[in-house]
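This is the structure I have questions about; it appears just below.
Order of writing sets the labels: A, B, C and D. Residues in every chain begin at 1.
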Amino acid sequence: MDKKNTAVLLIHCPDRAGILAAVTEFINQHRGNILYLDQYVNREESVFFMRVEWDLEYFQIPKEKIEDYFQTLLALRYEMSFRLYFSDTKPRMALFVSKMSHCIYDLLARYASGEWNVEIPLIISNHPDMEPVAKRFGIEFRLFSITNENKAEQEAKEIELLKKYRITFCVLARYMQVLSPDFIKHYPDRIINIHHSFLPAFAGSKPYHAAYARGVKIIGATSHYVTGDLDAGPIIEQDVARISHKDSIDELIKKGRDLEKIVLSRAVEKHINRKILAYKNRTVVFQ
Amino acid sequence: MDKKNTAVLLIHCPDRAGILAAVTEFINQHRGNILYLDQYVNREESVFFMRVEWDLEYFQIPKEKIEDYFQTLLALRYEMSFRLYFSDTKPRMALFVSKMSHCIYDLLARYASGEWNVEIPLIISNHPDMEPVAKRFGIEFRLFSITNENKAEQEAKEIELLKKYRITFCVLARYMQVLSPDFIKHYPDRIINIHHSFLPAFAGSKPYHAAYARGVKIIGATSHYVTGDLDAGPIIEQDVARISHKDSIDELIKKGRDLEKIVLSRAVEKHINRKILAYKNRTVVFQ
Amino acid sequence: MDKKNTAVLLIHCPDRAGILAAVTEFINQHRGNILYLDQYVNREESVFFMRVEWDLEYFQIPKEKIEDYFQTLLALRYEMSFRLYFSDTKPRMALFVSKMSHCIYDLLARYASGEWNVEIPLIISNHPDMEPVAKRFGIEFRLFSITNENKAEQEAKEIELLKKYRITFCVLARYMQVLSPDFIKHYPDRIINIHHSFLPAFAGSKPYHAAYARGVKIIGATSHYVTGDLDAGPIIEQDVARISHKDSIDELIKKGRDLEKIVLSRAVEKHINRKILAYKNRTVVFQ
Amino acid sequence: MDKKNTAVLLIHCPDRAGILAAVTEFINQHRGNILYLDQYVNREESVFFMRVEWDLEYFQIPKEKIEDYFQTLLALRYEMSFRLYFSDTKPRMALFVSKMSHCIYDLLARYASGEWNVEIPLIISNHPDMEPVAKRFGIEFRLFSITNENKAEQEAKEIELLKKYRITFCVLARYMQVLSPDFIKHYPDRIINIHHSFLPAFAGSKPYHAAYARGVKIIGATSHYVTGDLDAGPIIEQDVARISHKDSIDELIKKGRDLEKIVLSRAVEKHINRKILAYKNRTVVFQ
């Protein structure tokens, strides 16, 4: 991809007149060139959301001081919550898989082709099946079998490994294990899951069987951040495919695979590009 | 539409070799010209489903005897359930409405343009709001206010009216009243409802509010046959529209209207053309 | 709809730092409350586009002076082209129809339900077929038969009538007559047409026949502003529907009708809400 | 996949009463168990099309004699063109690639996971870029640089290689070279291409640039059989994605990649499963 040297700010705060002008002024007057700007006001709750990305080439505030200046000059005044990212700091992703290959192939093909500004140093699995795929792409594969008895212990080891590899977010690519609330706390709004239904319909296990039994005419897939409530975290992306009475459960599973991999990859890409802001169990997805 | 003189058979029976050949032979040997044929075998349950439509022009069995002959020669032998329809017998539809006009306009515009082989002699409502629309199209409008107290009584009068008008099926075009199980029994698999969500997600009232609260990225609409279980009858047709975090509840309601009217009209058209076979809370929708 | 008293500005100009801050400041400092703001920079051509809508309730510049002030204080400095609209000035639409009713019904149903902030005082046609529909909705219907010989003369009369009715934009709802370049000059970027194909495929006449002959698997509809080049004006909205080899031309025509009416109505709504900016044969469609 | 031992018949012939009954009888009376049957009559041209798949386990005619018997007993009588396939004879596919990896990864991921009943023994390219990907999946990669001067010679070598590997069909996975009519003659209706536009719009080179210039609101991808006319062969599958004025050409290219790979893979799957019958530059795609 391009070698831009940019900064990204994700902001939310109580809505008030002048925020947009104040933020753009802050960037402009210090010679930052704004590349993308998207803002949105939730009128029901009176909350202002914004993503702005600007070129750092001629920006006069040194990178390491931007956060401090912004905090002092703007965030305090407008009661902002904000996050600051730099394009030259690549997010580091760990992939969690089980036995199915369609999502992992789709993610790794994009990674291998250099499509994404990300590092994927580590694949974790509770089954050995995907080890050959990991090898194909030259990525470290670590097996952690999980039972009711050893779960806490194994998760602790996983967390340790994630720290060691400086992982900034996790992607569950049809990982068929529920993570414990304790695990999730280490990566709030930083674990992306793909659920193979059009949530909130058919949460839980065997959604294609449930969809078949209910006789729906459209199936879906949903990517979301993982929270302590199963399949109930903030939704990032969804898509659907039309089916008919002729489709058996096996055919639903097959049609669903293409949905799952595309919907998961779209969510991962948006996360990598810092386009998602999770707020009160919903997501703002900037353009 | 065209003035074809055709017969339609909808069949289901235990799957067995030779059914398809037997049915097509029955039509061919009596000089019926098959226009459309669609069949489907549910392998899990071993059930055979079929819709066949043929031209009656040179068919040698008189119309009034077809049912009897088919019953004797084929249905008994193959344990078939079947329904026989003739294109020159138009279905007669009653429209149930409340306060919203988008679905009723869409249905009546198609009716008025002669797009459908149907009669719509009667509109029933629990509110007076749609009376001007009914008048615009010259259709009898009857008001039945419903309260908890008078519901049974009012429904009895409605049923009487439906009989008087020889209504063969009912369409609930955003009719905001739950029909009693007793009412429904008079029209099994012959009351079509539009629900303003992607069922089974967001059944019940205020689905757009629920969709907003859950933060979904796609909304939907579902047409289905009404059964005693609220929003749980056999699904006929569904469709969806993409939304974003920027859409307020009002915008969901507005985007949903176009979905609702199209999804309802598609279901009504399929019902009119005898393309739907409800079986065990699912529908087979023939082509 | 709501009775907001708002102003809308549509702006484009050469891209430069500080435009966004300058415009929002202009509104904020005079106590305008910004309701919606969407901006976009075309980097290839270095052009800045913006739509901003604000509440006039406490705005300190009188309505009749806003244009002048904005011109002097901002437009000159930034070389802006801009248009200013007020929500209490309803656009006035003339409907052009021929023989088909699906689009006209869809538009008039929305109009009659009060869904749109528009007046529709006039329907013009080259055939008498739609007169009953116009009457149903109580709208003036005027017939202008067009031949090669009388075209210039008839169009002149139409223009006169449009002026008399103070029409601000025209909608061709499957109007099967090509307007002359002379006519179009009176309403630049203010005549909306619906073409029954996925443009630029199948421009010109009989697109469903052409789509069938080519064996496409998806059909479409396209709404666009009318220019002197047939079916080549700026595209506003498109949508598609899946078809199969089983669909005859008649079935394509039928499936296409639902596409056409929805795609046309979406374009008209965006035009009414001043969300479209045509620029060099493309449209910027604000949110 | 399943290890079914089945036969597939693809048939087309002049439409006549009794064909369907005759074919199903032929299978039934020799104890073939019909698994899938789809038929379609093109009424305009009076042509009957059919695909039938049946279990060979108890079928009484030996595999090697089925073609002969069917020819004698049915095909002659009904003037049928037909093809007979057996599920235990895997089609053998050659992949043609250039520099882009998204389609090749998607195809090989499905192949490697055993999703398809196919062999892929050979990858041919006019550039060395994809060799590492071929190696990753352990597939023979052969480089044939093409210039205007050496084209005929190189293609002759390619054909020789395809024969040696007993290739039954070719897939052009964003292969950026036009095949000569001579090459195409060796594989009539057996070369599948993916074109990165919604054909017939934007045939030829740089379709995303053309789509951007025209200002369309939806982009597409089209898979088709290759014929002597560039981008004009029988269409197998198409799909589309919504875009906006905000999408630069680079973003169209990126969004298009996901379309291209899915649309190509769907076409390849249908070809592998013998579900496509090309007829007069259109395809019948059976279910």
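Going forward, a contact is a pair of C-beta atoms (placed from the backbone, for glycine too) under 8 Å apart; a residue touches a chain by one contact, two chains touch by 3 or more.
The structure presented is a predicted model; accordingly, all values stated were derived computationally and were not measured.
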{"item": "Comparison of B-C and C-D (more C-beta pairs in contact)", "value": "C-D"}
{"item": "Greatest separation from subunit D - chain, by CA centre", "value": "C"}
{"item": "Cα-centroid distance, subunit B relative to subunit C, in whole angstrom", "value": "36"}
{"item": "Euclidean distance of C-alpha centroids - subunit C vs subunit D, Å", "value": "42"}
{"item": "Residues of subunit B touching at least two other chains", "value": "246"}
{"item": "Contacting residues of subunit D [partner subunit C, same complex]", "value": "40, 42-44, 198-202, 214-218, 220, 234-240, 244-246, 248-249, 281-285"}
{"item": "Residue ranges of subunit A touching subunit D (in the complex, touch as defined)", "value": "101-102, 105-106, 109-110, 112-113, 115, 133, 136-137, 246, 254, 258, 262, 265, 287"}
{"item": "Of all residues in subunit A, those that touch subunit C in their complex", "value": "17-18, 20-21, 24-25, 28, 33-34, 37, 39, 242"}
